[in-house]
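There are two complexes below, and they share chain A, which is joined by chain B in the first and by chain C in the second.
Up next, the complex of A and B:
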């Protein structure tokens, strides 16, 4: 299963992606977590704490035209094996680093290497046994610019606000222009009884699951901890177990 | 006065920008609200309405059709590609990603 988690900023993408990755790993999967957001998120929600490290810098070189390429002999499998970081429950994380005062300028090698690895992943049979969970930046940009060629499922995280719903609608529309991707909408931060209906009606999609507003989720983030470590028995973790269940028809538990 | 609002997603940039623009307009200032997000939502917080916000034309579309070339001044661009929001705020959306990138 290859999942990319998308939605508006603050919708809960990183919490959902990190918790899914941990749960799937506990269920026995070999899990690769991919963070293509230049803003911190996934490392924290995986339980690695704040981690800005740009990865894959040693995996790339410049060609004669000054363009970044992966060094000879570095395919997707080797890139994962050598350059990813192993986190709790054995989840492996690949990321291209986080924005600094000078933007991403100092590690464009990492950004380009990441983009190329992600494209090779999609075609590399030796990684076919791996489960992938990608955490994307806010908005439709990476979906439009082909940053998730590996994904067969797009989890659209959507809050019951117009901005979040419009964003989700735009992303769903764009992703359906590519074939072979299943879109699963997931409601987050629901507070009232009517919220599910409100989202479904405005989004024009049924929800594959939803998560209530849960102070424990925000609390985990405030402590810099993974939700699954901070509150393994919370309604939020159970809701994410149900989401996995719904999209893979497989039971996992914290 | 020119103000840019920045921060992580979901922290309230759009809400603060929209409300600030409305406040300033109420004090009598002419206000241009410029939405530079490729996922533009400023119309929602200005009170233009969500569905309307999703349909607004953008400067980018004007570039693609060549209309921007006929508007050599900023004033012209604001008039041609802007939309009236409440309190007399003029909303200008730079671009919106609606489709996959063909290349």
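Up next, the complex of A and C:
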């Protein structure tokens, strides 16, 4: 299963992606977590704390035209094996790096390398047994520009606000143009009766699951901890277990 | 482009995308004040620290602590930005409700604590001479 988590900024993508990755790993999957957001998120939600490292700087070189390419002998499997970081529950994290005060320019090699690695992932047979969970930046841009060629499921995280629903609609429309991708809308931070209807009506999609607003999620983030470590028995963790059940059509929840 | 919009007596307010992408493409002299909005979470503080560092090259930066629920929230943000000008906006359910209805918070019923704090911020910015303050 190869999942990409998308939605508006602040919708809860990183919390959902990080918790899914940990749960799937606990269920016995080999899990690769991919972070292509230059803003901090996934490493924290996985339980690794803030982590800036551009992981693929050593994997790339410039060709004669000054374009970045993966060094000879580095395919997707090698890149994962050599450059990813092993986190809690054995989840492997690969990220292109985080913007610092000097912007992206110090690690453009890593960004380019990352793009090339994700494009080889789907074709690399030695990774076919891996489960992939990708955390994307806010908005539809990376979906439109083909940053998730590996995904067979797109988890669309939507809050019950207009801005969030409009963004989700746009992403859903773009991703439906690709064949072989199943879009699963997932409501987040639901607080009152009618929130599910509100999202479904305006989004024009049924929700494949949802998470209530849960103060424990916010609390975990305030401390920079993974939700699953901070509140393993919270309603939010259970809702994410059910999401995995639903999209994988198998059971990880108790 | 921002520079071309400058006009006596007019205010231009730009809502930027998440992160620092557009900040990086901005050139000097086109902004008087940058408001770095930050929530009391590690992720948000991490992001805002970078944004504030970049924006300080352009002019005055005010750190706006948003969705603040108690003193410990204020403290958390204050300790991350000890040397910055800071403005606090309390958590306000009315703003969330407005978003849910798709209306502007300012048109949404009675004025609330969050909205009052935003009004204060606007007042504070328009009164100060940003160039001098920087």
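By our rule, the second predicted complex is superposed on the first by the 252 of 254 C-alpha atoms of A that agree within 3 Å, B and C clash if a C-alpha of one lies under 4 Å from a C-alpha of the other, contacts with A are read in each partner's own complex, and residues count from 1 in each chain.
Keep in mind that, in the parts below, a residue touches a chain if its C-beta (ideal position, glycine included) is under 8 Å from a C-beta of that chain, and two chains touch if they have at least 3 such contacts.
Bear in mind that the values here come from a model prediction, so they are computed numbers and not experimental data.
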item: Partner chain in contact with A:20 - chain B first, chain C second, else both or neither; value: neither
item: Partner chain(s) touched by A:111 [first = chain B, second = chain C, both, neither]; value: neither
item: First (chain B), second (chain C), both or neither touched by A:163; value: both
item: Partner chain in contact with A:9 - chain B first, chain C second, else both or neither; value: both
item: Chain B versus chain C as contact partner of A:139, first or second or both or neither; value: both
item: Touching partner for A:50 - first (chain B), second (chain C), both, neither; value: second
item: Partner chain in contact with A:39 - chain B first, chain C second, else both or neither; value: both
item: Where chain A meets both chain C and chain B, residue numbers; value: 9-10, 39, 137-139, 162-163
item: Interface residues, chain B side, partner chain A - complex; value: 8-11, 14, 37-39, 41, 44-45, 50, 53-54, 96-101
item: Interfacial residue positions of chain C with respect to chain A in the complex; value: 17-21, 24, 40-43, 46-47, 50, 53-54, 73, 76, 96, 99-102
item: Interfacial residue positions of chain A with respect to chain C in the complex; value: 9-10, 14, 38-41, 44, 50, 98-101, 103-104, 137-139, 160-163, 195, 198, 218, 221-224
item: Residues on chain A engaged by chain B in the complex (per definition of touch); value: 8-11, 39, 137-141, 143-146, 162-163, 165-167, 169-170, 173-174, 177-178
